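Quick heads-up: structures coming right below.
Here subunit A shows up in two complexes: once beside subunit B, once beside subunit C.
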Partner chain A sequence: MSTLATPNGFTLDTSGRRVVVDPVTRIEGHMRCEVNIDSANVIRNAVSTGTMWRGLEVILKGRDPRDAWAFTQRICGVCTGTHALTSVRAVENALGIMIPENANSIRNIMQLSLQVHDHLVHFYHLHALDWVNPVNALKADPVATSALQQKVSPHHPNSSPGYFRDIQTRLKKFVESGQLGPFKNGYWTNPAYKLPPEADLMAVTHYLEALDFQKEIMTVRTIFGGKDTHPNWLVGGVPCAINLDGDMAAGAPVNMASLNYVQKITDRCIEFVENVYIPDLMAIASFYKGWLYGGGLSNKSLLAYGDIPDKANDYSAANLLMPRGAIIDGKLSEVLPVDLTDPAQVQEFVPHSWYKYADESKGLHPWDGVTEPHYQLGPKAKGTSTNIEELDEGAKYSWIKAPRWRGHAMEVGPLARYVIGYMQGNKEIKEQVDWALKTLDVPIDALFSTLGRTAARGLECQWAARKQKYFLDKLIANIKAGDTATANTAKFDPKTWPSEVKGVGFTEAPRGALAHWIKIKDGKIDNYQCVVPTTWNGSPRDNQGNIGAFEASLMNTKVERPEEPVEILRTLHSFDPCLACSTHVMGPDGQELAEVKVR
Partner chain B sequence: MTDLRPNVLILGIGNLLWADEGFGVRAVEHLHRHWAFPPNVRLLDGGTQGIYLVQDIRDADMLVVFDAVDYGLPPATMKLVEGEEVPRFMGAKKVSLHQTGFQEVLAMAEMMGDYPAELLLIGVQPVELEDFGGSLRPAVRDQIEPAIAEALDWLAQRGIHGHRRPAPLPPEQGIGSLEMLIEHYEAQRPDPDAAPRLGDARVLSSDQWAGPASAQAHEAQIDALLGRDRRSVSL
Partner chain C sequence: MATETFYEVMRRQGITRRSFTKFCSLTAAALGLSPAHAQQIQKAMETKPRIPVLWLHGLECTCCSESFIRSAHPLAKDVILSMISLDYDDTIMAAAGHQAEAIIDETIAKYDGNFILACEGNPPLNQEGMSCIIAGKPYLQQLMKAAEHAKAIISWGSCASWGCVQAAHPNPTQATPIHKVPGLPSKPIIKVPGCPPIAEVMTAVIAYILTFDRFPELDLQGRPKMFYSQRIHDKCYRRPHFDAGQFVEAFDDEGARKGYCLYKVGCKGPTTYNACSTVRWNGGLSFPIQAGHPCIGCSEDGFWDKGSFYERLTDIHGFGIEANADQIGGTAAGIVGVAAAAHAAASAVKRARQKAGDPGEEGAAPTTNEFEGQD
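Our next item is the complex of A and B:
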């Protein structure tokens, strides 16, 4: 029998042709994806594989817990600040350290600014090309493009026909020079691209504008974190002093001038998101309304840890402005409470992962987590040991563990946060979602799709930019009221620590729920386990045979041309996957082009 | 009045956590501690950030990049590459943001019409990469000073002069955080018995363990998994 029903509601059929995409491009880290398609080119089985081991747990063992943030920040180039924040929270949780209000506001501003930055860069520079065809943009009429721009975003200043003509000329010159640069490896003749040339030109133009604008966002983190491009963090607070009347020298305390600068950037972020990102999102989505694939687990099982504490040191759901909760078995109206310290809730399984447990029928809570690599291909894997043609998903097949919440495979990320927030009746989220659905004239079911995931990210970007302003105002008001404290160093000295403690820190990274579990023994890290968003979304099968979120999202999608898997990339990219950096250096002919094999 | 001095960016890239992969960042850290430059010269620890660096590159008229590069040459060999050749050598290096190779970052700068007029890549062939949490191997570390000398020469030929600081900058004024300062990073590393570097022997000692015997074996298995020889280089 080649069909198999999974406990989480999918029917897998491996009888059709196998399509292998390796590596999946425009993501962080190494990822491979294999699917089986039936005679109508519809995906009936999906296998997602993380092809690198990160080794972070090994790197941190025996290190000073107060240094851990700096290591986790270096693990990858994207979530830098989020990992650092999660790490200092884990140590503070273990040692019972309380941080000052200003530190909470500053951390929130930094975290929100990262959300804005990451979402914007993801949409334009990593995901837009799944929907937008830059080659088609060369056929656009600049006058009609200008009219389109003025229709979708009347307040955006760059909208004259001459402006679009200039961009088109520049683009043409670039494409004709033969080096497509960031646009290489695209399937630009594929019928999956639906935009008219004018919408393509408008979107490509904003691709360039966003590239221009994004660097400004980073300066917010540099002002509070000191260093460019890797800001400083601190267990117990933030490493910057505040002196409103101070001068603006390098390394000087945060003053009124720097706060005004942050204010200006924040306003510009709100403006860009509202005048460019959101209108583009709506315009692009309107041409793909019929493309409702990619829902996967999004109407079944969703998880968010929550983030952005309004008041300092209170990590309860009620105080977190970003939603926290879990939805399972498709019971959308029932949002369950999440406790990261409960050994029965978050567990990691490895029967299909290249790790070894003493008893693989059981999952391990991260505090008891073991990260022991054990690479072994299954008996049905095809190819040779140096050239794997097909993985055997019946056996171990990924470097990603399979985390489960009360035994369920979960989707995390902006869509999870937005569905949970919506179901909890979060007013801001509800307002945004209802507006988007109404604007596009689609039912709420449309949310549970690839496009829904992409739309939730855009809405969250807008939300985050506005909240950044909220915390900046709060920070300034608190300083003006006379509170300039930024750090609590009372328990910074390891001599004051108990000999054995454990803690957990969590955040909502741009791409989903992130937590670090730490055990400290005699002042050093005894065990450190990170469960990152892509561990959730990219997880392989578990001991029950449940498929993970990436795998589920690809099921039943029709692929127009199997040798050009635009649809697969589109859906995988909608999660903003981050498989953490590996560091493989290659010479000139080491070009890793996406290789697609159809068998 | 327009400032006619060229903007110079001296950029170190790579990941500090993977032994010699940290060469570029360590070189810039060292340069910053020992040399002072006029205000039109900027030193930057680029880490593994990709797209986030595009603007810095666009702002630069001259760009010097320190990096670990697999040239297919003997370990710790230093090789300089200039101008148009640079992107070719930084091709598919996947250390950066969302798999944006540095080549793609350069292509983005070019597309925006702001490509540096002059470009120098100072690359050193790594000795060891697969040592999680490790630092530079001595042979690669010994290339920091010669690499800096090459950069200073190249810049001097273009009228840009650095001056050796009377005393090195104190650690807190370094380019990165104190926690990642090379001395701290190396001194605070637990010894292999306390924290094995490829897996924990205390859990690995079970009979069932069939994992890689060494860093090289581990790497070979990953290569095998990816189905190609990812280290092949032809010059």
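Our next item is the complex of A and C:
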């Protein structure tokens, strides 16, 4: 039998030619993808594999819970900070620590600046080359490019023909040097690229502008966290004390000068996103309107935990400015409540992951998680254990576990948040989505695609930049009202803690729903478990044979040239995969190490 | 056949002589060199060819790449377009799959012995190396192949330099820093530790290698002395508070608001060698201590396994200076110096022992900073 129907509605056919992409590049971490294509070059089976693991949760055992943010922050340097924030929230949840309003505002500013940075860098530096052809940009007329720029973004100052001519000259010489650097061996003659040369030149120019600008975005976090990548965080609040008046205010981390600086950067972020990113997104999308592949699970099953608490210490859905909820079975109008402490909701399966359970027909809640490595290729795999030619997806084939929500494979990320928010009637999200659909003149179904995922990320970037300003204003207003507190240290000393506590913390990482579960015993970490966005999106099959979001999104896509997998990259990149995040806890030499019991 | 110089490339790419001169001055400043050296850099850049770079990623979190792109001077854009030829970097390269892997072979064929291998992350040795798979094979194989043909190796960040977080106890994957990889071809290695390293330190190291065609002067551990010869404590702007005995006792207390010394809430500045308090971060904007958090010592070997980040150093090393720190900083300063020196001595002993006991340990680290001539 070469065809197989999955419970979540896909028909897999392995009879066609197998195409392997390894490494999948322009992602964080390491990943492999295999597909079967039929005689018309349409993908009929997709296999996605996480190809790295590091074992951070094991390393956390026995450590000081106040340090956990620093360890977990090193899960990922691209979504830097979101694991740290999730971690301090988990510890605070376990110990019942309330943080000051200012700390909440500063954390939100830091988390929102990550959304802005991560989405922008993803679009220009990880994703754009799937849509934009830098070699084709050499054919552009700089005058026409200037006209295009002024049409799509009249407020962006860099728009003269001379400006584009200079960039084109630099690009031309670069290409002519024969040393193409990062553009080497790209698929530049592939007909899958649809932009006219002027749009290519505009986008390549902004690739470079964005590379210069992105370094400014995160400087907000350098003010509050001291450095970026990997700023500093604190259980109980934030480490940056506020001092606006009097003795030695100039030496304080947060003073009038630093607030002014944050104000300037925040304004510039809004400007850049609105004058460059959003117009580019719309301009590029307008040439790919007909390419509506890649929907996958996005109109079937979606999950978001929510984030950005408006008021401090209230993590209920009503107080979260980023939406929270779950959609299953394609019932878009019915958004279900999510409870991370309910053992029936989030469960992880391993029959197709390189781990071992006593009974692999069942999933385990992170509270009861077991992680025992079991690297083994299936009987139909080709090659050897250290030289894989083709994987056998009927057996174990990935370092990623398969998390499921009430048994369903779920998509997480900006599109999930935007569909859930739209369905909940979130006014800001609805306004943005309706504007984008109207601008592109496409129906709402167009959202459920690779392009929809990419568009939602851009809209969310704009939303985040605006919200960053909202929380900066809120911070300043609160300070003006006389509240300068930034940390609650009443329970900072482990001697004040109960002997055994448990907690869960969550955020919306740029790539989607993220949660950490912690158990603290006698002042030390007893157990720690993370379930992260790319674990959801990049999951292999589960015990029922449900395919995950990556695999689902590749199904039924036509590839122009199978030897040049640009369509595969396009769709995988639309999720912004983060493999260092997704791979699980691991014990040395096959030892069972992670057993998490939290409530 | 004449190879283009860095200057020719910049000129060809439409960059003016004036901008080029400015670039050289900024680079000199970033390297902490005098204006006279700016001319030397300029001269070198006018005559030296571009160097191909293979930037490989093992087990890591990509924070080094993220830091690198935040460089203010030179801009990452100019490094990538004009200074080096970044032929392989799977985080940003357009190609994927076999087209990506072919680039490594092409670079080796064309520039055998004349490219830089930049390592971000490290290889795991457990599970046949298959906990980090590239193109169906262990990352270790890709690393060894590239190292065999490279001119020199840059170990970016604490992962490549020391092992970092995945190598923290119990190091489940047996993640191994580059210089300790068994059988690694003997090549000059420069360590640029930090989690991540400071962006301008990374680009300055590249600029230095490009300009002078050799590594900058390295310390015994293989780090460039110009950035790693001083403790953060030595040049900390809060140092006068330490000397005056003015300490933050708890986060957000009166001392924290006044910018007092963070030593008593765990600052590792006195034992951490890095340029945070001089170069600072993100274009010289700030650094962890300036933002109110103690230094966690992220550029030091094994910093994850030295106890809690919030325990003061005295509690860890047991030098018993707590009373002194509470009394008066002046005395404490001397004793912390002793503590740091003792720490350094202990490290040296450890190194010597490792070297004697196991040639694979530390043995591959270069004590010389000179390249072979490349003509």
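Criterion: the second predicted complex is superposed on the first by the 570 of 599 C-alpha atoms of A that agree within 3 Å, B and C clash if a C-alpha of one lies under 4 Å from a C-alpha of the other, contacts with A are read in each partner's own complex, and residues count from 1 in each chain.
Following the convention adopted for this analysis, a residue touches a chain if its C-beta (ideal position, glycine included) is under 8 Å from a C-beta of that chain, and two chains touch if they have at least 3 such contacts.
Since this is a predicted model, take the numbers as computed values, not measurements.
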| item | value |
| --- | --- |
| Fit or clash - subunit C, subunit B, common subunit A | clash |
| Contacts of A:Lys356 with subunit B and subunit C, given as first, second, both or neither | first |
| First (subunit B), second (subunit C), both or neither touched by A:Ala481 | neither |
| Touching partner for A:Ala40 - first (subunit B), second (subunit C), both, neither | neither |
| Touched partner set for A:His374, first subunit B, second subunit C, both or neither | first |
| Partner chain in contact with A:Lys524 - subunit B first, subunit C second, else both or neither | first |
| First (subunit B), second (subunit C), both or neither touched by A:Ala318 | neither |
| Touching partner for A:Phe71 - first (subunit B), second (subunit C), both, neither | both |
| Touching partner for A:Gly383 - first (subunit B), second (subunit C), both, neither | both |
| Contact breadth on subunit A, by residue count: subunit C or subunit B | C |
| Listed stretches 133-141, 241-249 or 313-321 of subunit C, narrowed to the one that overlaps subunit B | 133-141 |
| Residues of subunit A that lie at the interface with subunit B and also at the interface with subunit C | 22-23, 25-30, 32, 51-53, 55-56, 58-59, 63-64, 66-67, 70-71, 74-78, 80, 121, 125-126, 170, 174, 179, 181-182, 208, 211-212, 214-215, 218, 227-230, 232, 251, 373, 375, 383, 385-389, 586-589 |
| In the complex with subunit A, residue positions of subunit C that touch it | 4, 9, 12-15, 50, 52, 57, 59-67, 69-72, 75-77, 80-81, 85-87, 89-97, 99-103, 124, 126-139, 164-166, 168-175, 195-196, 198-199, 237-238, 250-253, 256-259, 276, 281-283, 285-293, 296, 298, 304, 308-310 |
| Residue ranges of subunit A in contact with subunit C within the complex | 20-30, 32, 51-56, 58-59, 63-64, 66-67, 70-71, 74-78, 80, 121, 125-126, 129, 166, 169-170, 173-174, 177, 179, 181-187, 208, 211-212, 214-215, 218-219, 222-232, 234, 236-243, 247-248, 251-253, 261, 373, 375, 383, 385-389, 399, 484-487, 489, 492, 564-565, 569, 580, 586-589, 593 |
| Complex interface listing, subunit B residues touching subunit A | 14-18, 21, 44-56, 68-72, 88-89, 91-99, 104, 107-108, 110-113, 126, 129, 132-133, 173, 175-177, 179-180, 184, 188-190, 194-200, 203-204, 206, 208-212, 218, 221-235 |
| Partner subunit B, residues of subunit A touching it in the complex | 22-23, 25-30, 32, 51-53, 55-56, 58-64, 66-67, 69-71, 74-78, 80, 117, 121-122, 125-126, 170, 174, 179, 181-182, 208, 211-212, 214-215, 218, 227-230, 232, 251, 356, 358, 370-376, 383, 385-389, 524, 578, 581-592 |
